[in-house]
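Naming follows writing order (A, B, C, D and E), and every chain is counted from residue 1.
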Amino acid sequence: MSGKLLQRRAERSGPKSYEHLLEVKDVHLAFKGVKAIAGVSFHVDDGELFAIIGPNGAGKTSLFNVVNQVYEPQQGDVRWKGESLMGLKPNQTAERGIARTFQNIALFPHMTVIENLLTGRHVRMRTSWLAGSVWLGKAKREEIENREIVEDIIDFLEIEQWRKYPVGLLPYGIQKRVELGRALAMDPELLMLDEPVAGMNLEETEDMARFILDVQDELGIAVLLVEHDMGLVMDIADRILVVDFGKPIAEGTPQSVQHNPNVVKAYLGEEVETV
Amino acid sequence: MLAVENLEVVYNDVVLVLRGVSLEVPDGKIVALLGTDGAGKTTTLRAITGLLDIHEGEVTKGEISFDGATITEEDPSTRVRRGISQVMEGRRVFVEMTVEENLRAGAHTNRDGERVKEARERVMTLFPRLADRRQATAGYLSGGEQQMLAIGRALMQDPKLLILDEPSLGLAPLLVQEVRDIIVEINQQGTSVLLIEQNAKMALSIADYGYIMETGKVVMDGDPAKLLKDEDVKEFYLGLHATGEQKSFRDVKHYKRRKRWLS
Amino acid sequence: MTSGLVVLAQATADGNAFAQMIVDGISFGAIYALLAMGFVIIFKSTSVINFAHGALTGLGAFLIAAFATVLDFPGRYLTFLPEWAQWTVNVLTALVAAALFGILLERVFLRPMVGEALFAVAIVTLGVDIVVRTITNDWIGTQPRPLGAPWGLAVVDLGWVRIAWSEVIQILVTIILLGAIAFFLRSRTGVAMRATAFDQETARAQGVNVGRIFSVAWAIAAFLAGVAGLFYSIFPRRATGVDQATAFIAFRAFPAVIIGGLDSIPGAVVGGFAVGIAESAANTYLTFDFLGNGFPGIVGYLLMMVVLLIRPYGLLGTPEIRRV
Amino acid sequence: GGGEGGDTTTTAAAEEEATTTAAAEEEPTTTAAAEEEPAAEIATDVGVDLEAGTITIGLLSDLSGPFSPLVQVINTGHDLYWASVNEAGGINGLNVQLEVRDTGYVVDTHVQLYEELKSQVVAFGHSTGSPHTVAINSSLQADGILAIPLTWYSGWSDPAINANLVPHGVPYCIEAMNMIEYLTTQAPDATTIAIASSPGDYGQDSNAGAVLVAEALGLEVVYDGTGTIVATDPATLAEAANGIAGSGAELVWVTTDPTSFGGVYGQALAAGFSGALWSGAGPSWNPALIGPDSPIAEPLANDFYISQYYAPWAADSPGNQMVRDLVEAAGAPPLDYYAEGVIEAKIMHEALLAAYEAGDMTQAGVLAAAKSLESVTFDGLAPDETYVGEANDRLQRLQFISRPDLEGLAGGTSTGATLIESDYTSPTAEAYQFDAACFALEAG
Amino acid sequence: MRGRPLLYTSYQADQALLNTTTKKVMLGLLLLVVATIPFQVIPGLDFLGSDDWLRLLSTTAIFVVGALGLNLLTGLAGQVSLGHAFFMGVGAYTAVWLGGPEDAPLLGLGLPIWIWLPAAGIVAALIGVAVGPTAVRVRGLYLAIVTLGLVFIGDYVFRNWDSLSGGAQVGRDFPPLQFRLWKEEEPLIDFTTPGTWFGVEVSGLAKSFFLLVTIAVVFTLLAKNLQRTRVGRAFMSIRDRDIAAEIMGVDEFGYKLLAFGISSFFAGISGALLASFVVRVIPERWDLFLSVQFIAIILIGGAGTVTGAILGSAFVVLLPRLVGDFTQWLQSVALGEGFGSAIANVFVATTPNDFGLVNTFAGIGPGLSVAQLNLVIYGLLIIGFLIFEPLGLYGIWLRIRNYWKGWPFTY
């Protein structure tokens, strides 16, 4: 992985003035009577790979949406480096350094791969509409600088050949990868991945696992992962939170969670006997 | 019951995606169709159900027959009426309709009020979570709940042949097991099943027969026992070391990929 | 005592004006409601805004004029029926013809657009509007064509309020059609229609014959447009009948559609009556000079803006699903 | 020689002569015919081809816009008239051809099409609409081309505006004076009047006349809906009808299009308004209003007085006979508006003849010829007109007035109008002195 | 290097506007052709220099400005607006208020073009931003109809505000395309009257043509730059998936407002130019049909592309003329003699009772009149385009280009 993105890691590794990178405190969220989240708390530290698992409809995606401030919880607080995110708009959470991928791919289908990634750079760019429309020196310089960063990401994800294709035309697996790239382009400190390997075959899952581990190890970006592929989660997560019906039922290392009877009952089921 | 013979499909008049696929779903059996990403599994499904045209695709060769009748050129609604029902890839619930209305839409070809009622009861017992959320707008359901709805909707037709395209996508492990049990149960009630899956472990554990597709061709077929013994299947679909134990994803960073399918 | 009487007299006088205003508004509103229902039917089954609805209105009215007064078909062979019944049969025949025309338009111009971007389809309907309106205008010719409604100038005068018979019938017909369509939409076909609008491919996967759904939608819409055209073109609205400007009425129904919610049949009716009454009220009470000419004409649009500020999907419309 | 144009014109104002001559000299002439031909004497530039034997005239007509129902018929009048002229040998052997363009009643399109035709035609035999004609007026003057406008706007009397135009017929505001004063002779006790109209020079000019005559006769204007009626907007018809019905007026003057008129009348009737005398500017009337299936036929036949600038279809005059012959020969349906087309064509015909006579069939020559026509007769189809002299003298004030004719229309013997007064002028209209337009189109 | 036209050595080269030699050459040639049009020197294209074609091309240039604006809003940001005509009207009336004659009874301040033209854009943009918050709340087709409401409300205001618009169906004259420093009598440059430029005789129409084309080129550059930079991508991301865009850091509300503002600016300029070029305009000019024409331009040209906006404008402005020419020709063939006439006669009725699809009479009798046929063909072409080439003219252009790229190996 090359230059520009690594630089940022160095910048990030200075002394810290906060306790946790992200802290979710006793969040409650309900929609017209449906309790999606009922008192969840957890925290993610710098460079950590934290996973949230739980049955369908347990409120995992909703938690992501709360962190992004797409949903406004009725109760509770979300703190980013010690500062509350409550009341911000989603785009402001992005500016703070929270990036995300989506359960159902949410790329910009009519834009090319490069354009999608450059849109990820949006928060890190300054060009105003006036400067942009006349393509003045600074605007032009900024465009080209950011294009270089985007090319780095393209290299990293090995999607060179798709660069100029509208992403809507790409195969599912590649789209998932581009989505990861777009999130990386935001130069985040926390990367939230919502089921990054759903619908992927083993080979693609392996690729994706490698990318996630690289992101964590080499770029030092903290990862918040939601995934139903237990093989993957148990192998790569540092800590795991299990939720059911919006409530936390277990938290701890993969081993401890895996053998928790509540988790087995609500989520894992008795091991699938491999023939 | 269903026989696909030597099927060729072309998208946009240029992209040849299926190159002579043949497969068969015998009456009352579960058949698994496995394959890598982009192998053409969904395309095969579309050819069987007649939904290629929306994707600018076309069957250029081959024949599909169902219950002895050739259906290659038939309108999709006629095929549904014949008893072919499908769970489409990627959930595809009607997001602005309620769970209940989605199920009613699924029962479109089922004009027998009593049977519709029975079918609904069955779906509700299979997926209690849906029963709770009957009046909820489908678009607001969680990913997994939508997947349940998609399966439930397909069951509303009371089909003779049920085709499922990645039904386990996005489902929690426990639910994957449940869906597996449901498929077995439906099958025991007399419905033939064609199961398209990425989750080979799950699919092969219940199938009577399996096909493996790569880049538009069937590269291997046989009963599960035979497939499970194959080295390539073990490595690429089950993620097992040659020794038989599960690989760790932590290792992939240093893991070198082997050339596949020498055949 | 006397002053009390004067006040009372004034109140009744004003009360009469108010009642008349409401009656006029409902009568106008019924036309908007009929048009709005047509829009909604097409929108509900194809997600398309049909800009050709005006043309269908003009065409429907023309067909009625042709069947009911020029050809007198099939009434002329039904001499055993009283005259009003003959006329009614003629009109129904014309409406069926209009519905067939709707199906034809859908098959020829819209079917090929299945699966294309909705706005592209909307523009296709604009093209259809130009074509159909021009041809209809050619058929209508340079003179207005009367529709020969049997109620003539008959007016129900209750003393405190007056209403033409044709308006009474129009309101009844609107209510009956509302009921019929609301019932229809609950049916199997109704559910299939909505499914088709949201996702044609998936609807087909459920065995829905999408083409048939489109045909039915366009047939119903053309039928409703014809009914609206009928009541718009007879006494007292435009007593002389259908002419080349008749088609423009459809633009007056847009606010009604939006106020009610693009996908709601009851909404269309509520919106239609709301716009009708608002216009009528503006006609009666907002007669200030500074408002200039034609203010009642935009009251519907102003009302629409206000409603949208409060409810961006209209009073009864379904909000778009926004979720990631 | 191209400069002769002015010399042979019979009478023309001195300055006009000067300008035309100058204009004609500027125009390059392309006469290349052989010396021995008599036609060699004739100067031509655009739109007259002596070798091919054709004269081309442009019509800028609204054939798809709001006035198309009217203008389509007028255009057919042109068609039929010129076909018969050509049959009879044309203009001294030259065939007249029409280049028709549809303006759709859009000013830009009008201007655009003017540009397209100006290099093909010798003159414009028709130009629909006032703002539209104003928009091409400066170009007409710059290019030295004649146009016959289809508008009866009183402002055309202004010589500064009409230098290149031949306005004809009774201006809207004079018409209103004529008709309203006539109505008061039918209802001598009337003291109140309600007026309503479409916007634009048409409705505004007409209502300006109505207000003037009401003042002169001591009538009270109890409702003024000037500019209210917009054909495509049903709410405006209700607005006008409510206003009229609510005012309880004894006389009603409505200037709009026929269907809108039917709507206003019908809604007023439904509101219980009856007993008043109604009339409206010429284009408000259409026989379909009293057609066999029109529910308002009976009451309207009682209440309405028809105003026309020309004699109705069935009138007994050689001019009307000619129109009837032309239309019947072509198998077209009987309608009144052909007359307007024939009248416009006839003016052009006279102008072309005069230009030929003068040996100058350039665009400027035809303009000069038209502007020097002292007397054009329409054989009873319309009153004779002159296009020279002071505005107040040459302005047309003679009106045709008819009553609805239910039997005639049903029996096919008339277009629903029985002429009761021809060449009528009311005292107020007679006395009215033009200083400017009744209604100013724009002073800016 | 030379043999590989698609190889770029720097991102700068890749991102340049004219990133291939072909593009550069083509554009140079095109500009050259445009510059010589009024002088009628290129054989075969000389007809373009006639007054009526110059008018058509100038009108096209004006439409291009407006279409680029709508393309930003609808094509890029995905907000379908039927209110473009309204903003054009606002621009036009701003222009006439500022630039109209001072001493006339109608409103006018007599200011020069360098004030009224930018002001036309700015005022339209301000109004665009002012109605934006309502518009931004609603989505999809609801928005289309809200903006349609703007057209009707605008129409009402324009019609009734006599002192500004001149009144319904009456209208007023607009300030001409003349450049003054301030209010002096003699304009410094008059784009409406003939004169000599650099020793060459230039007609008034040619001058306005040059002015309008230059303005169109400038706005094309602005639009193109906007589209390929940060703001353009933000617009597209909102169009493609609004919530995701927000989570990526794009302020949806702000950028939608911005899109409305910029688009209205373009519309205002276009409206002012159109009114000024036509000279006299009635308030009914800014009607729904105009808005619809612009939507048609965007879709027929190819939504979201600058090239599409230009091609679409040309199509919509020139089509009526071409169709008109076609029907004229058909008519003349039918009236003539010989084999062609026999065929044409099937379609054309020459007397009121003759059979024919078209009727050379103005609409009396069976068959369509020529004007009506024009309209029908116009409508059918719009439909046909969208059915057979959903990507619009831009799609056709792409196809042609790709064909030549592969030439001579086309398959």
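Brief remarks follow.
Operating definition for what follows: a contact is a pair of C-beta atoms (placed from the backbone, for glycine too) under 8 Å apart; a residue touches a chain by one contact, two chains touch by 3 or more.
Fair warning: this is a prediction, and the values are worked out from it, not measured in the lab.
At the far end from subunit C, in terms of centres built from Cα atoms, lies A.
Once CA atoms are averaged chain by chain and compared with the all-protein CA average, the nearest chain turns out to be E. Centre-to-centre separation of subunit A and subunit E, using mean CA positions: 44 Å. Our note on geometry: subunit C versus subunit D, Cα centroid distance of 37 Å, whole angstroms.
Subunit C and subunit E have Cα centroids lying 34 Å from one another. Shared interface positions of subunit D, defined as residues touching 2 or more other chains, are 64, 68, 72-73, 199, 227. Multi-chain contact residues of subunit B (touching two or more other chains) are listed as 140.
Contact with two or more other chains is made by residues 134, 137, 141-142, 251, 293-294, 297, 320, 323-324 of subunit C. Chain pairs recorded as touching, per the definition above, are A-B, A-C, A-E, B-C, C-D, C-E, D-E.
Remark: subunit C residues 43, 49, 51, 109, 112-113, 116-124, 126-131, 134-135, 137-138, 141-142, 251, 254-255, 257-258, 262, 291-295, 297-298, 301-302, 304-305, 308-309, 312-314, 320, 322-324 touch subunit E in the complex.
Contact residues of subunit A toward subunit B in the complex are 31, 34, 53-58, 60-62, 103-104, 171-173, 195, 198-207, 209-210, 213-214, 228, 230-232, 235-236, 266-269, 272-275.
For subunit B in complex with subunit C, the touching residues are 49-51, 54, 75-77, 79-81, 86, 88, 92-97, 101, 104-106, 108-109, 111, 137, 139-140, 153, 157. Interface residues of subunit A, counted against subunit E in their complex, comprise 68, 70, 89-91, 93-95, 100, 102, 106-111, 115, 118-120, 122-123, 125, 127-129, 132-135, 139-140, 142-144, 147-148, 151, 182, 186. On the side of subunit B, the complex with subunit A involves touching residues 36-38, 90-91, 129, 133, 136, 140-145, 147-148, 166, 169-178, 198, 200-202, 204-205, 224, 228, 236-239, 246, 248-250, 252-253, 255, 257.
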